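Starting off with a structure, shown below.
Chain IDs A, B, C and D follow the sequence of writing; residue 1 opens each chain.
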Amino acid sequence: MMNKKIKIGIFGFGKTGRLVTNEFLQDRNFDVVWVARRTLKDHYKFASHLLGYEYERGAIYSIADIDESFFKNHFVDIIVDFSSAKGVYSYQAAAGEGIKIISAISKYNPEDIQLLESLKNDTAVLYSPNITLGVNFLLIASQILQKIAPHADIEIVEEHFRDKKETSGTALKIANILGLEKDRHVNSIRVGGIVGKHEIIFGLPNQTIRLIHESFNRAAFGQGAIFAANWLIQKKKGLFTMENIIIDMFQKNIPVC
Amino acid sequence: MMNKKIKIGIFGFGKTGRLVTNEFLQDRNFDVVWVARRTLKDHYKFASHLLGYEYERGAIYSIADIDESFFKNHFVDIIVDFSSAKGVYSYQAAAGEGIKIISAISKYNPEDIQLLESLKNDTAVLYSPNITLGVNFLLIASQILQKIAPHADIEIVEEHFRDKKETSGTALKIANILGLEKDRHVNSIRVGGIVGKHEIIFGLPNQTIRLIHESFNRAAFGQGAIFAANWLIQKKKGLFTMENIIIDMFQKNIPVC
Amino acid sequence: MMNKKIKIGIFGFGKTGRLVTNEFLQDRNFDVVWVARRTLKDHYKFASHLLGYEYERGAIYSIADIDESFFKNHFVDIIVDFSSAKGVYSYQAAAGEGIKIISAISKYNPEDIQLLESLKNDTAVLYSPNITLGVNFLLIASQILQKIAPHADIEIVEEHFRDKKETSGTALKIANILGLEKDRHVNSIRVGGIVGKHEIIFGLPNQTIRLIHESFNRAAFGQGAIFAANWLIQKKKGLFTMENIIIDMFQKNIPVC
Amino acid sequence: MMNKKIKIGIFGFGKTGRLVTNEFLQDRNFDVVWVARRTLKDHYKFASHLLGYEYERGAIYSIADIDESFFKNHFVDIIVDFSSAKGVYSYQAAAGEGIKIISAISKYNPEDIQLLESLKNDTAVLYSPNITLGVNFLLIASQILQKIAPHADIEIVEEHFRDKKETSGTALKIANILGLEKDRHVNSIRVGGIVGKHEIIFGLPNQTIRLIHESFNRAAFGQGAIFAANWLIQKKKGLFTMENIIIDMFQKNIPVC
C-alpha cells in the first residue's frame, strides 16, 4: 500500500520561510509543491535548488500569481503561512478548494482574525503565532501548576535578539492566561542574537520550579508546522490552535495512578 | 462554626525533622501534639521551645515510649514520619487507632514496604520518599511531554551537597518511569551545600525544554507534608503517593480548549 | 608555636546576625568574644547557647552597654557589623582601641559613609554591603569581560524573595560599574523565598556568556565576613572593600601563558 | 588614508567552514581571497555565490590545487583552517611565503602538533581547537576563581547534539587545567541539536557560582577566528593560542582599585 504524501504549499520565503521550507523538504511525509513569495525574485525556480538540493521541489511563485484559479491548478492539502498578515486574503479561495490552512502570522489586525475565523465552516484552519511544541507545552503545563500551587509567585522571563523591539507575544499570552499583569511580571532581555527563550518561574517559600523553552534555530518553527500539519490533516473543519492539540495530548497522556 | 485543627504526631527530630516540625507549628490548620525522637534527649520538653517559640506544643517523646497504649493515650489524626526505616514498626498500632500515616522515608527494605502496604485496608497511608510538590510535578509533566515529543532525547541532571554519596532516588525514579537507562542518562553533580536540584532536559533538533526543580531549604519537605496531610485527611483507607495526588490535580485542572 | 585565634565582636543578632555568628563559632581561626544586639533580650546569656551549642562563647550585650570603656574592657581584634546604620557611631571608640572593622551594612546615609571613611587613618576598615565572595567575583569578572567583548549586550537579572521591595543594591552596583542604565538593564524577579541570585548575561551574535551567583542560605554572608576578616587582620590602616580583595587576588592569580 | 583589508584564505567549506567563510565575507576588515575544499566540487566557482551573495569573492579551489607555487600566486595574509588534520601539511609552504596561520582543528596527531610548533620561527601561528571567545574566557576566569575559592567543589557540564560521540575536548581541557579527574567531574549531556554549551559549577557551603557559555550557531567559530585574526596580524612570529590572547586581555583590563 502506498503511503500518500501530504501536499504542501508555503507562503513566505524570507529568513523563517526558507528554514520552514527546508524542514518540510527533509520530511518524507510531505511533498512541497510550491512556495509563494512576495516578490518576483527567483520566479519559476525551485525552492529546493535555492536551498542547495539537487532535486526539483517547491516551484517558486509570486503572490501576484495567486488568482482565483491558482489553487485549483496547483492543489495542495495544506497551506503553511509564514509570510505576512496579507496572506489571509488568499485563504478564502484556497478554502473553497478544500485546502486546509496553517497560519503562524503574529501581526494580524482584528479584521484579519475575523476573516480567519469565518473560514472554520469551510475547512480546517490552525492558527498559532508561536507554533513551537515547547512553548505550547509551557503554556498548558504552567496553567496546571498554577492550580496545583495557587500560592506560588510567578514571573516570566523572555530573552530575544537585541533588535526585537516589542515584548514577546508568547510571553504576553502566557501572562494573560495566568492572570499576571504584564507590565509587572514579564521581563524582557534583549541581547546579541538569542533566537528565543521563555522561562516561567514559580516561587514557593523553599523551592522554585522553572519551565524553560529555548529555540536556538528558527527551524523549530518548521518542526512545529510539521507537527501541526500531521494533526490537522485528519480534521475536516474548524478553527484550531497549537494549544488545542497540546491540551488534547495532555488529556490522552496523563499517567494512570 | 469551629474549624477543627488536624492533630499531628511527628516521628523524627533530626535536621529535617526539626524543619518539618517548624513548618507544621507555623500553619494554623495543624496542631502538633507530639514529636517522637530516637534518643531520650530533651525528653518531656516541647519541640516548640526547642525551636524558639514561647508557647508549648509538640511534647518530645522517645521511640522507647511508644508501646501499645501510646497512640490511644496520645491520639493524633496523622503521623508524619521523617525518622528512619524503623518507624514503620509502630504504624500497625497507630493504624489500629484509626490514625493516618504519611511516610517520607527513603531507605525501606522490601519487608518494610510490604508492611506499609498491608496497612492500606486499615487506614489511609501516603508514602513518598520525595514529598516536595515540585519534584512530583516534574515527574508527571515529564511523562506527558515524553508522549507529546516521543523523539526527544532526555537527560536528567541532579545536583546535591558534596557529601551525598548515592545517586538521588528521585532522579532514579524519574529515569525509571521515563524508561531511561540510569547509568547513561542520570548525571550527578556533587558540590558544596546544594540542598537539592533536579533538571529534566528534553532535546529536539532546534529546541530544548527544561523542567527544573530546586529546593533551597529542607523546610520544603515540611511544605510537602502539609500539602499531603490536607489531602490525606479526607481519605478513609488506601495506599497513596504524592504522584497520585498530583495526577489527580492534573486531571482536574487541564485547561478547557 | 601557638596559632592565636582572631578575637571577634559582632554587632547584630537578628536573622542574618545569628547565621553570621554561627559561622564564626564554627571556624577554629576565630574566637567570638561578644555579640551586641539592639534590645536587652537575652542579656548576659551566650550566643553559643542560643544557637544550640553546649559551650559558652559570644556573651550577649545590648547596644546600650556600649560606652567609652566598653572596647577597652572587651577587646577584640575585629568588629563585624550586620546590625543597622546606627552601628557606625560606635566605630570611633573601637578604632581608638586599635580594633579593625568589617561593615556589611547597606543603608548608610552619606554622613554615615563620611564617618566610616574618616576612620581610615586610625584603623583598617572594610566596608561591603554585599560581602559574599561570589558576587564580588562577578563584579570583577564582568568588568574584564566587557573590555574583552565591547560589542556584547549586557543584561542583569536579580532574583530575591517576594517581600524584598527595593532593587538589589548589588545589581545596581554592577549596572553602574558596567555603565548600564539601571532602569533598562536591571531585571528584578520577586518570587517565594529566593535568598539571592544575580545573573549577568553577555549576548553576542551567536553565543551567550552567563555569570551566575546564587546564595541559598544567608550563612553565605558569614563566610564572606570570615574571608574578609582573614584578609583584614594583616592590614594596619586604610579603607577597603571586598572588591579590593578580589581585584588583588585576580592580579596575583592570572594564569601565566 | 586607506585602511588595507586583511587578505584571508580559508581551508574547509563543510558545515562549519561555510559559516566561517560567511562571517569573514560580512566583515569589512577582511577580504576572502580563496577557499580550499577537499573535493573538486564547485571548482572555480565563488564561495560568495554559493552563500547567496551577488558579488564574487572567495574563489573555490581544491586541496589538489595546492602545490608549491600556490601560495606565491594566491597570496593571503592569514590562512584560517577549519578543514581537517591534513591541512597542516600545507602550512610549511604557506609559512615560507610569510603567511600567518590560524588553525581550529581538534583532531591532530602528536606529529601534526610537532609540525605546527616547528613553524613558530617562520611565521605567526595561532592554534585553538575551540576558538570561541566565550569558552576561552571561561577557561581563564575559572582558573582565577579556583585560586580565590580553593575549597570550592568544581564540576563541569557540557551539552552537545545527540550524535557527538566523544567528550567535549574543551571540557577535558578545562578539567585538566583545573586539576579535576575527567571521569568523575566532566558530565556530558547529549540531546537533540544543541550546538555547544559548557558550564563550570563552583559549589561552596551556602552559595554556587556558575560560569556558562553557550554557542547556538557555529558562526560563533567564525567570530572567534575574526577576533584571532585581528590580533594575530600584528604578530611577526611565534606560536599562540586563544588563551594567550585572553590572558593578555585579562592582564590589561583588571580594574584598578
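By our rule, a residue touches a chain if its C-beta (ideal position, glycine included) is under 8 Å from a C-beta of that chain, and two chains touch if they have at least 3 such contacts.
Just so it is clear, the structure is predicted and the values come from calculations on it, not from any experiment.
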Between chain pairs B-C and A-C, which one is joined by a greater number of C-beta pairs in contact? A-C
Most distant chain from chain B, judged by the mean position of its C-alpha atoms: D
Cα centroid separation, chain A vs chain B, in Å, comes to 41
State, to the nearest whole Å, the distance from the C-alpha centre of chain A to the C-alpha centre of chain C. 50
Centre-to-centre distance between chain C and chain B (centres being mean Cα positions), rounded to whole Å: 36
At least two other chains touched by the same residue of chain D: list those residues. 193-194, 202, 204-208, 216-217
Along chain D, where are the residues that touch chain C in the complex? 132-134, 137-138, 140-141, 143-145, 147-149, 177, 202, 204-220, 223, 243-244, 246-257
Spell out the part of chain D that touches chain B in their complex, as residue ranges. 152-155, 157, 159, 162, 187-194, 201-208
Chain C residues touching chain B - in the complex, by the definition given at the top: 193-195, 216-217
